[in-house]
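Here chain A shows up in two complexes: once beside chain B, once beside chain C.
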Partner chain A sequence: MIQKSEIRSQKSEAVIAALLVALAVALVFAAPVFAQNGEPTDDEVNAVAKQLYCPVCENTPLDVCPTQACAQWRATIKEKLIAGWSEQQIKDYFVQQYGERVLAQPSTRGLNVLVWVLPPIGFLIGAAALAYYLQQLRNPAPSVVAAPASAPPTDDDDDYEKRLEEELAKRR
Partner chain B sequence: MNNETMNNETMVVVESQTPIQNQKPKVLLGWAAAWIVLIALLGLVAVKLYQVTLGPVSSGSAPDFTLTTFDGETIALGSQRGKVVVVNFWASWCNPCKDEAADLEAFWRQYKDRGVVMVGVDYVDTETEARAYLAQFDITYPNGPDLGTRISQAYRIKGVPETYIIDKNGNLVTNIIGPTTLADLAAIVEPLLK
Partner chain C sequence: MTLTLGLTSLFLAFACALYASVAALIAGPRKLNAWIDSARNAAILTWPLLTLASLAVIIMLVQGQYQVEYVSDVSSLAMPWYLKVTALWGGQAGSLLFWSWLMSAFASAAMLRRWDRDRSLMPYVIAVSMITLAFFILLCLFVENPFRRLWLSQATGEVNPALFQPANSTLFTPQDGRGGNPLLRHPGMIIHPPMLYLGFVGFVVPYAFAVAALITGRTDDEWIRTTRRWTLVGWLFLSLGLILGGRWAYDVLGWGGYWGWDPVENAALLPWLTGTAFLHSVMIQEKRGMLKKWNMVLIILTYALVIFGTFLTRSGVLSSVHAFAQSAIGPLFFGFIGITFTISMSLLFWRWDSLASETQMDSLLSREAAFLLNNLLFLGIAFATLWGTIYPLISELVTGQKITVGPPYYNRVNGPLLAILVLLMGIAPLIAWRKASFKSLGKLMWIPAALTIPTLILFYFLGAAHPVALGAYAITAFVGYTTLSEFARGMVARMRLGENPLIALINLSARNRRRYGGYTIHLGVVVMAFGVIGSNLFQTETQATLAQGETLSIGGFTLRFDSVALFPTNDNREVTRATVTVFDSSGRLIAELHPRRDFFLDSGQPMTIPGVRSTFGEDFYVILVDWQPIGSTGATFKVYVNPLINLVWTGGLIFILGTLVATWPDADEEKRYAAAPASTLATAGAD
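After this line comes the complex of A and B, so read on.
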C-alpha cells in the first residue's frame, strides 16, 4: 500500500524533473535568440575573421591578430554581419579592398591554382618514383653483357695479387 | 627472349629489345618533364623573391594609377602631366602618419595654386576610420582607398607613411620613407616648379 507521503514525494520529483527539462530546452534555444536579437557575437565575427589574414602583418589570421588595424577589420566584419551580408560577400569585399592575399584559403584563379595542384602532383610523382625504385630493387634488370664466370686473369690482376702477397709477407 | 652465344672463354648474353628497354625513352621523357617543371617553379620562386628584395621605386617613370577618392572623384596620374604630383601613402592605424598629417595639409594649402597636385593613398584601411582620420586632421586634398593594394604594389612600398614626388614629366624625383615635414617637401618641390 502506497502512503500519501510517498505519493507527494513522487509528485515533487516529477515537478523538479519537468522544470529541469524546461530549463535545458530554454538554454538550448537561448543562444540563437541572443545572436538574432542583438549584435553578432565575437564567435560569429571570428568565424569569418579566421578565414581572413591580416593584410599588414606576416601570416597572422585576423581572428587572433592583436593590432589596432585588425581590430578595425573585425569591426568591419561585425558591421557587415549586422547589415546582413553573407560570409562570402564579406570575403569578396575584403579581397576587393585589400587583394587576394587576405584569404586564408587561396582562390583557384591564376597562379594560385598551383597551390592546389602541386602538392597532390608532387605526392603522386614521389609515390611513383618510390614504387619504381622498390620494383628495381626486387627485380634488377638483367645486364646486357654478362661477365664470364671465370674470366682469365689479366696482367693487372697479377700485379695486384703480387703486391698484395708482398705486403702480407712484410706484415707476418 | 635471350639469344646466348658461348665460346670457350667468354659467355655473352645478347638480349633483344626487352620491355624494359622499350620503356627507357618514356622514363627519360618523364624525368625530363619533371625537371622542366621543377626548374620552372624554382624560376618562379626566384622571380618572386627578387621582387620582394627590390626596394620602393625611386627613379624613372612613375607607375601610373587611377584612384577613386572617398568623395567619388577619379584621379589619373597620367592626366597630371605638367604638374608636380605628391603621392602620400598613409593609413588611419598608422601612428607615424599622424605625425606628418598636419604638415602635409599645410603643404597642400601652400602649394595647391602653384601647379602642385597632392594625392593621399589610403593603404589597407577601413573607410569609417579613414574618414574619421581625414576629419580629425582637417585634410582637404584628395584621398582614396588603395583598392586591392594595386597602387602600393606598383610603388613597392614597404610600409606607411611613404611619400613619392613626381615631376612635371611624370618621372619619379624621389621617395621619402617615413614621416615628412612641410620644410622637406618644400625643399624638394620648389626647384621642380621652376
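After this line comes the complex of A and C, so read on.
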C-alpha cells in the first residue's frame, strides 16, 4: 500500500513538472508581450477593463467596480491576456458572453445607429431653425409694423456704462 | 400616535392642495376674490401640514419605530441621530414627502409675497403650484406611503406592509432596521439631495407664473421680472446640488473622478441646462421684447425636466424595462409629465399671436444673436444628454437588448458643443446689443488674445503638450482674460472717481449685481474648466499588489505599503484600513494615507474610501482594491494622480459666490421697479 502510493505520488509529481515546463514554454512562445515577468501587470488588465462595463452593476466601469464578481471578471481578462488574446478578442468575448451592455458605448450597428445620429441631426435642425428665424427677423414681412428705428451702431451702447459716465460727468 | 398625526396631516395637505387648485381655477376667471383668497390660504396651509407629516417621519426614525416599513428600510439602531434625521430623504417614500414639503415651502412663500402688481396672475399661480404639489402628495399617499406598517399574517406567516391592519394579522416589529444605502452616509449626500430638490422646486415657481401669464393673456414680461429672483434661487441650489454631488462621488465612490454621465447625474443636469438657457434668454425679452414664445418653451421644458429628474434620481427605473414596469411610479410620472407638457404647449399655441416680438433683429453680430447661439448650444447638449440617458430603455423595449451609453458617448457628442459654449461665454459679453461691429469687438479682444499666447507657452512648458489640451486651454485662457477685462473696464471707470481698486470692484459689483454676478459665474466656469481639462486629460493611474514594505511609483511619487488592519466598529461596520506612506521624487516623506474599505454588515454593501493627499497642483488618490485576509501581508492598491482637480472645487465656489451676488436683493432695483409703470419696464433693461 505504502509503496504503491509513493510510486503514484512520484508519477504525479513527474506529470505536474512536465505540465509546468510545457506551460512555461507555451507562455514564452504564446505571450511574448509578457515575456519579461511572465504575466500581465494590473495596469495592462485595467487598460482592457476600463473599456468594459460591469455586466451586473449599473453604469460601473469594470476597472473600478469594487464587487467580488468584477474582481473575477478582471481575473478572466488576465487569463485571456496570458493566453495571448488581443484586446479586441477579449472585448468580443465579453460581448458574446454578457451582451452589448458591457461596452462603454453602443456599437454603430442596427438600431444603435440612432444613438449617434440623432443628436447631430437634432442640433442641425435646431441650427437651421435658428438661421431661418434670424433671416425672418432681418427681412420682416411688409405687414409687420416696422419697429422704431434702432439706434445707430455704437461701439458700446451699454446702459450701465452710460450711467456711470453720466455720474462721472456730474461730479467733475 | 405620531404615525396617526403624520398620516392625517399628509391627508389634510392633499385635501388643501386639491381644494386650492380647484377653487382657484373656478374663481379665477370669475374674479371671485373671496374664493381666490380662500384658495391662497389653503395653499399656504399645506406647508405647516406637510411640516407636521415630515416631523412625524423624523420622530419615528429617531425613535426607531421599526414596525414602520420606511423606518426599518432606511435606518438602523447603530446609526447616529443625525443620520436618522436625514434618512427622511434616504429612501423613495421619504424623498417624495421631503420634495412635497420643499415644494409647499416655496409655494407658500410665493403666496405671501406682495400681489398688488400682478393679482390677476394669482389664481393660476396657485392652481399650477398646487396641482404639482397634489401630484406629489398623491404619490406619497397612495403609491409610496412612508407611514405603512409591517403586519404579520396569522394565516400565512408572511410579513406585508400595509397602511391599516389587514384581517387576521398582528403588528410586526423587527429588532433592527436595515440601515439603507451606506454610500449615502456621507456629509455630501446629506446636503446634496436637499440642494438638488430645492433647485427642482425653485423652478416650479417661474413655471407657474409663466402658465398664469399664458392663461390670463398678460404676455408682457411681467412674469419674468416677478420670478427672476425665484429662478436664480432655484438655479443656485441646483448648481450647488450638482457640485456637491460631484464632490460626493469623488470622496466616496472610489473611481478617481467626479462626473460619470450616470443617468442620475444627467437627471439633475438636464433642467440645469435648459434653466441656464432660460436665464440667458430672458435677458433678450427684458431688454428687447423679443423671444417671448421661446422663453415660454424653455420654462415649460425646464419644468418637464424637473419632474423627470425627480423621478429619475429616486426610482432607478431607467436601469431596465422590468424595474419600470414593476413600480406604479413610472407610468404615473410619465403620465403627469405628458399631461402638463401638452396643456402648457397648447396654452402657448393659443396665445401664439400675442407673443410676437416687439422689435426686430438688427444684426447677426449682436448680443441677441449671441444669446440665441448660446440657447442652441445648451439645448443641443440637453438633447444629446436626454437621448443618451433614455436610449438604453428604448433599445431594451425595441430589440430586447440592454446596452450602456457611457462617458465616451457624452465626451464625443457634448465635448465640442461645450468647447464652443465656453468660447461664446468669453465673446458674447463683449458684443453690444442690437448691432456690434467687428472693429469694436476686435478692440476689446486683442489684449485677451495677446495674453493667451504667453499663457499657452507657459502651459506647454508645464507639461501640457497634448494638442487637444492646448486647444482647450487656449479657449479657456482667452475666455478668462476677456471676462477679467470686463471687470477691469468697469473698475478703471470707477477708479477715475478716485476709488482704490478694491473699493471700485466692490462698488461696481454692488451697483450692478446681475451683470458682475454673472461675470463672476463665468470666471467660476473658467476655473472649473481648467480643472476639468487637467484632471481628465492628464490623469495618470497605476495598480499593483504590494507585500509589506514594497513600493510602487507613479508620476514622481513613490508609495510604500506599511500595514493593513481589520477591525469591527460599534456601528456595524467591518473596516479594512491600510497605512501607506507617500514620498516625493527626492525621497522626502510627504504624507501618510489611510485608504480603507468599509463593509456594512446590515446592508451587506462595501464602501471604498480613498486616501487623498491634496495640493493645489494635484491630488494623490489611493484606493485599497484588495488585500489578503490571512496574515495581512499583501494588498492591492490603485493610485490616481489627478492634476488640477482642486480647480474644479475652487471654480465651483467662485460660481456659487457669483450666483449669490446676482441673486442678492437689491434695494435700489426694487425701488426703481416699484416706481416704474409696467409698460416702461420693457425698455428700461436691468442689465
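We take it that the second predicted complex is superposed on the first by the 106 of 172 C-alpha atoms of A that agree within 3 Å, B and C clash if a C-alpha of one lies under 4 Å from a C-alpha of the other, contacts with A are read in each partner's own complex, and residues count from 1 in each chain.
One rule holds for everything that comes next: contacts are C-beta pairs under 8 Å (C-beta built on N, C-alpha and C of every residue); 3 or more make two chains touch, one makes a residue touch a chain.
What you see is a predicted model, and the numbers here were worked out from it, not measured in a lab.
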First (chain B), second (chain C), both or neither touched by A:Pro119: second
Touching partner for A:Val56 - first (chain B), second (chain C), both, neither: first
Contacts of A:Gly99 with chain B and chain C, given as first, second, both or neither: both
Touched partner set for A:Ala83, first chain B, second chain C, both or neither: neither
More chain A residues in contact [chain B versus chain C]: C
Touched partner set for A:Gln72, first chain B, second chain C, both or neither: first
First (chain B), second (chain C), both or neither touched by A:Gly110: second
Touching both chain B and chain C, residues of chain A: 67, 99, 101, 111, 114, 118, 144, 148, 151
Chain A - residues contacting chain C, complex: 41-43, 46, 53, 58-59, 61, 64, 66-67, 71, 99-106, 110-112, 114-116, 118-120, 122-123, 126-127, 130, 133-134, 137-138, 140, 144, 147-148, 150-151, 153-161, 164-165, 168, 171
In the complex, chain C residues that touch chain A: 254-256, 260, 262-263, 290, 316, 319, 357-364, 369, 372-373, 376, 379-380, 383-384, 387-388, 391-392, 395, 398-399, 401-409, 413, 417, 432-437, 440, 443, 489-490, 493-494, 496-497, 511-512, 515, 541-545, 597, 606, 608, 625-626, 636, 638, 685, 687
Footprint of chain A on chain B - complex, ascending: 9-15, 20, 34, 41, 44, 91-93, 124-126, 128-129, 145, 147-150, 153
Interfacial residue positions of chain A with respect to chain B in the complex: 55-56, 67-69, 72-73, 75-76, 79, 95-99, 101, 111, 114, 118, 125, 141-146, 148-149, 151-152
